[in-house]
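Chain lettering (A, B, C and D) follows the sequence in which the chains are written, and residue indices restart at 1 in each chain.
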Amino acid sequence: MNLIKHQAPELEVSQWFNTRCPISLSSLRGRVVVLHAFQMLCPGCVMSSLPQVQRIRQSFNENDVAVIGLHSVFEHHHAMQAEALAVFLHEYRIRYPVAVDRHDPPDAVPVTMTAYCMQGTPSLVLIDRAGLIRHQHFGVMEDLALGNKIGSILAAQTSDTPIKTNNASCSIAGHCQPTSV
Amino acid sequence: MNLIKHQAPELEVSQWFNTRCPISLSSLRGRVVVLHAFQMLCPGCVMSSLPQVQRIRQSFNENDVAVIGLHSVFEHHHAMQAEALAVFLHEYRIRYPVAVDRHDPPDAVPVTMTAYCMQGTPSLVLIDRAGLIRHQHFGVMEDLALGNKIGSILAAQTSDTPIKTNNASCSIAGHCQPTSV
Amino acid sequence: MNLIKHQAPELEVSQWFNTRCPISLSSLRGRVVVLHAFQMLCPGCVMSSLPQVQRIRQSFNENDVAVIGLHSVFEHHHAMQAEALAVFLHEYRIRYPVAVDRHDPPDAVPVTMTAYCMQGTPSLVLIDRAGLIRHQHFGVMEDLALGNKIGSILAAQTSDTPIKTNNASCSIAGHCQPTSV
Amino acid sequence: MNLIKHQAPELEVSQWFNTRCPISLSSLRGRVVVLHAFQMLCPGCVMSSLPQVQRIRQSFNENDVAVIGLHSVFEHHHAMQAEALAVFLHEYRIRYPVAVDRHDPPDAVPVTMTAYCMQGTPSLVLIDRAGLIRHQHFGVMEDLALGNKIGSILAAQTSDTPIKTNNASCSIAGHCQPTSV
């Protein structure tokens, strides 16, 4: 229920899935970002929050709401490596971009998770069009309350913030465009 | 998905439940109103939309969102009289105000339902703080989409519309205050 | 969890729905009978046990398992008369035979309900091929446990009891056959 | 819906979890065995059939019904090794014995899965007290139908088959007893 309003820390990512280019939060200015921290072997993530995030992806337009998965492994690191995650994303048909949160041993908790002071997985962060954290939640919110949060963040800033063209530097390469955000 | 923006017609009510005073939409200016048209023997209402409306009631503050049930009987009138509705509301623990939509025979469809051009039950109408219809839906929306709608209506007008003290004329009687809106 | 083994008392019925002929338990010898006592304005019945009974009807062959609804009104009698029940059965698409448990004022509890010592609604009674009560439950059982009970009653007696042709006296009239049991 | 009645092939296992001793089907004679073939990264297994198997474990007495998980990996072998499975079983709180189906490269399909002619995961096999296959199903059955199957297998043979003391050879070691079957 906390309403933090500081700038969302940039993602620290060791590998991306479902996007041809790395994605920075700054490149998503102008859109609301739903950042979903999960672990592939966390039952609450698999049974509840991942299906909810899929519903978000289907319910909102990609130009309004960007969905980013963040694989923030803080336990059983050996069992949740990138190779296994690739299989998981394929089997669960997760198509939106997923970042692997950077793991710097000996710290068990990965870098982005630490920067956001997350309490565990699943965690959901709502970032407004200006890049400010408007909501952060550990566990699973009810759909009605979550829809309300996203709707109010979307509505509050419609006129305030210009939508930037995103990933400008990335697209210089020509071939390099995010496949879906 | 329609975004009608005309004034919400006033309710035409033959009897109220769960309120000591009749409630007019005009007395609710300053709040978003969720108007839920249902029939007590309509399976889609009982199994899906009434539980959803109960979740709305629990998820939003009464000072922001007023929930009004509208018993709009347009078939099997003999089986859904006010006496039976009283039992239904008691058994299903519905505590928010419920209006009986006025039935003027020989018309099967009651007066308020006709005024809103509703296609059937369940129907949900979202009315903004200024009394304008912002959304009307026949059937059951997903919680995420509905939360988004309510959230955006709530957010868009926070600064525009002063919250009126409601039911001023009603409260002249002293004892007469809505029990819960 | 009680395993009563006495003879199932015959139904005392004031009116039948979904059958052209009155049905007696004795006419159902040779089949397992699922007797479901409910009230049309009981939320636990409408939300949980009636859908479960519909699943039973779809999951088992009618020649093996007869499903009988028993409308056992023990409160709010005025709101659950036969006329209202007819609408309810139509709207909820209940096609199996439903009996109205006989109400003898001034007793609030109807006659069959009393004979079975039921504690309330919903109640489920499982009667074996020989007409003995093998299980009686107040509330809603889990599907797995209920399926197990029915399966064991079905299996235990396959060879013991000959399947009688049912409703012999009724069918003398020629036209008069249960529409679906 | 197939009712095969041949002897259930013995399990070919490379590793056991949740039991201190290897378990043979022959040691379970006298009990009905629910054999559940799954893969830890198979969504249908994780979302539907594993929760159902947990319900079976809770609904039936261990002396009547033995539940055995069979990790039959036939794809993405590198992502579902025993180490990862150990984490999975821990996180999902699966306490009943789980066998790793023996993988003999270059065959992708493991040995037990092949012996049972399984079509994929999840698959459920019901084995009667005499060790005969009574039901085999690819996909997820409804609880009511599954309960019925188990109930009828349990009931049919209550008097036929003596319950053997199981794992006799295993318990020679003194300390070595299955922790839970």
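We adopt the following convention: contacts are C-beta pairs under 8 Å (C-beta built on N, C-alpha and C of every residue); 3 or more make two chains touch, one makes a residue touch a chain.
Treat the numbers as computed from the prediction; the structure is a model and nothing was measured.
Following the contact convention of this document, no chain is adjacent to both chain A and chain B.
Most remote from chain B, judged by the distance between CA-atom centroids, is D.
Chain centres here are Cα averages; for chain B and chain D they lie 53 Å apart. The centroid of the Cα atoms in chain C and the matching centroid in chain D are 37 Å apart. For chain D, the set of residues touching two or more other chains is empty.
Judged by the touch criterion defined above, the protein chains form a single closed ring in which each chain touches exactly two others.
Pairs of chains that satisfy the touch definition comprise A-B, A-D, B-C, C-D.
By the touch criterion stated above, chain D contacts chain A in their complex at residues 41-43, 46-47, 76, 78-80, 83-84, 86-88, 91-92. By the touch criterion stated above, chain D contacts chain C in their complex at residues 52, 55-56, 59-60, 142-156.
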